[in-house]
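The structures come next, written out as structure tokens.
Below are two complexes that have chain A in common, paired first with chain B and then with chain C.
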Partner chain A sequence: MEIMRLVVTGPVGAGKSTFIRSVSEIEVVDTDRRATDETLMLKKRTTVAFDFGRLQFGPEMALHLYGTPGQSRFDFMWDILIRKAHAYILLVAAHRPHEFRSARRILGFMKQRSQIPMIIGLTHTDCPGAWDAENIAIALGYLDANRCPPIITVNPNQSASVAEAVIALVQHSMQGCLV
Partner chain B sequence: MAITGYLAEFSLAEMFQFLEQGCKTGLLNICALTGSGVEGQKNHYIWFNQGRIVAAASSLNQQGLVTMIGQRGWLGDRAASRLSQTCTIGTPMGLCLKAQGALTAEQLKLLFYSQVMRQVCALFELGDGWFQFDPKVPLPAAEMTGLSAPATEVTLAGLRALKDWSALADKLPDSTSALISIIDGKPQLRLNQVEWQVWEFTSGSVSLSAIANQLRLPVEKIQQVAFRLVVSALAEEIPLIAEPISLTPETEPAELSVAPTEASAVSQSFLQNLVGFLRGKV
Partner chain C sequence: MAISTEKLSGILQNFVTSTNDVQGAAVVTPDGLPLATSLPGAMDEERVSAMSAAMLSLGERIGNELARGTIDRIYVEGNQGYGVLTSCGEDAVFLVLANQSAKQGLLMLEIKRALTELKLVLM
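== the complex of A and B ==
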């Protein structure tokens, strides 16, 4: 089985859980089947502290999505998640400048530990008071447009929009260091 | 696009950092909410040119600078406005009066100090207020001395004098976080002693509580200094991992135990299939 692991991170309320829910299709696994790693995985699913989603798109091909834990504590779980991930998306609620500093804190953590490809997804752009992408980039510390990661708009409640965001992330990582 | 919000959400320090780093030009209007009703509201206006503060006033009547000059007895209102008639449109009034020999460079500095440094620094004390930044507003030549200061320099001064930090409590870097320098070499801004001491630790590996221990200062104090270094764009907060990593089967979540320790490359055909599949969902 070939698996690509994507991490979905961002401040609380950015839309991580909704994003993962919109894209994944976790089917019920026949428990009579021999106990593969996967069934074990599903049984323990409810006990873990982060969101997990899966999208199987071929007999031997699956996409796994992991949402970082809600609290702002950066524990070992974060470390495991990013070390095993191929790429990540940072979700930022465009209408909540209150959280920009927290998004920056997450970026600081991620950049320090991992060089994997990443993009930024702006959520809540449909809400009043939403900042535009150019200004959010500045608020997140990306002052040079040439050195800024791709910034896209995504509505986690719409699965088509989430699919587009995942395409953007996958395509960005194809240009990067994956292959 | 105008940006609006509340200082309780996006603090003045963050706003100044944003305006400086974005090299913004325009007018920042702050409406202090001190009481209820219209009487409880007080407006402050701060003009920016390319991320630098060029003027401040408490009204838009363009009379602030002339009044200040008059109050100091340097030039009567009438004389000042008569002289300013001869200024080229768009020339800062201060520079124009200096060119005509009506004010000295030293007087301009004093004016700028009271108009910008003192007035704006005091705004850091505001508990809450509504703000709007409008990039379309032209610069007010009549309120300008011709001097300017980087927004973050004003922030540093304002936060150094700040007594009550409660409004910024959840903005401060965490005591478990480290700081990392984001500039080349040493800061150009003039730092005070404790800021230099904390600056020495901007290697990205020492937590603020450890710095506090070494410097024998309360950790809150170090968090405040760290916040100043962050909002003046000298350093960035780097969260450190709270617990030491020990990967046992119990601690590692089940989803991930099936995964290798390091992400292994996925094939080109996998990625193409995935993109093709997702396109079908769009």
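== the complex of A and C ==
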């Protein structure tokens, strides 16, 4: 059985923990604690180490999903998780443009440590004020559309949508292996 | 109710200076923010706090998963010394750093004592 480790990262409240909960076949290992920082504006609990879920992908492969904390004070966890990952998805809440900078910062951190395949998943596209993919790409620093990683839309609350995102990520990373 | 961080700092400073072989201590929130710290100069309190929270949460989770019951403390022993994490009520985590010559039993006793004091302020 092959194991593929996928990391789900992104700013606070993007939907990382929800994403993993939606598709994991095991009870998710979560390390959410009561939030006491500015996270409280968005939600009550926040991830302090990582989320872990597992998903069987065909008969030969198991996917291990690791969700990171969003706050940069936990960047040592970003570092630990990305070093062992085979691919990752950056979740960005499309309706919170003030967080694009934090997403960009995470991206920079990951890029510095790892060249593994990645895609961008836009969440909260159902919410008022959501930006479109093109403008988010620019906000994240991808000025040239040809050099931009694949951008997909995902709703972490819907397992079918998350499953599609996971497939997109696995496929993208396999393409990466061929070239 | 506001926690008196001044009192917490006082207790920590006193603990660090008066306990043999203790090099630093911190009280942090379970989501990894510093409440009060008295740490060696080179250590960043924000980082230390986040790490403490991450480690305690994982330790508790492991305790749970491997049927070890409620976790009293997490213990890291390296050739340069010890790091001991103790849950300090629902709203705080207590981290103590000691050098390698610390006597474990004594250290635990001192930590227990400090915990009692801290809990009174945190209540």
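Rule of thumb we're sticking to: the second predicted complex is superposed on the first by the 146 of 179 C-alpha atoms of A that agree within 3 Å, B and C clash if a C-alpha of one lies under 4 Å from a C-alpha of the other, contacts with A are read in each partner's own complex, and residues count from 1 in each chain.
What we mean here is this: a contact is a pair of C-beta atoms (placed from the backbone, for glycine too) under 8 Å apart; a residue touches a chain by one contact, two chains touch by 3 or more.
On a predicted model such as this, the values are computed, not experimentally measured, just so you know.
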Larger contact residue set on chain A - chain B or chain C: B
Chain B versus chain C as contact partner of A:66, first or second or both or neither: first
First, second, both or neither for A:169, with chain B first and chain C second: neither
Partner chain(s) touched by A:77 [first = chain B, second = chain C, both, neither]: both
First (chain B), second (chain C), both or neither touched by A:159: first
A:135 touches, of chain B and chain C: first, second, both or neither? first
Partner chain in contact with A:97 - chain B first, chain C second, else both or neither: first
Partner chain in contact with A:8 - chain B first, chain C second, else both or neither: neither
Chain B and chain C footprints on chain A, overlapping residues: 37, 48-49, 73-74, 76-77
Chain C - residues contacting chain A, complex: 29-33, 46-47, 49-51, 53-55, 57-58, 61, 65
Partner chain C, residues of chain A touching it in the complex: 29, 31, 33-37, 39, 46, 48-49, 69, 71, 73-74, 76-77
Chain A-facing residues of chain B, complex: 1, 3-5, 9-10, 14, 18, 21-22, 171, 173-174, 177, 180, 182, 204, 236-247, 251-263, 265-268, 270-271, 273-275, 277-279, 281-282
Touching residues on chain A, where the partner in the complex is chain B: 2-5, 37-38, 40-41, 43-45, 47-50, 52, 55, 57-58, 61, 63-64, 66, 72-81, 83-86, 96-98, 100-101, 104-106, 108-109, 112, 116, 129, 131-132, 135, 138-139, 141, 143, 159-160, 163-164, 166-167, 170-171, 173-174, 178-179
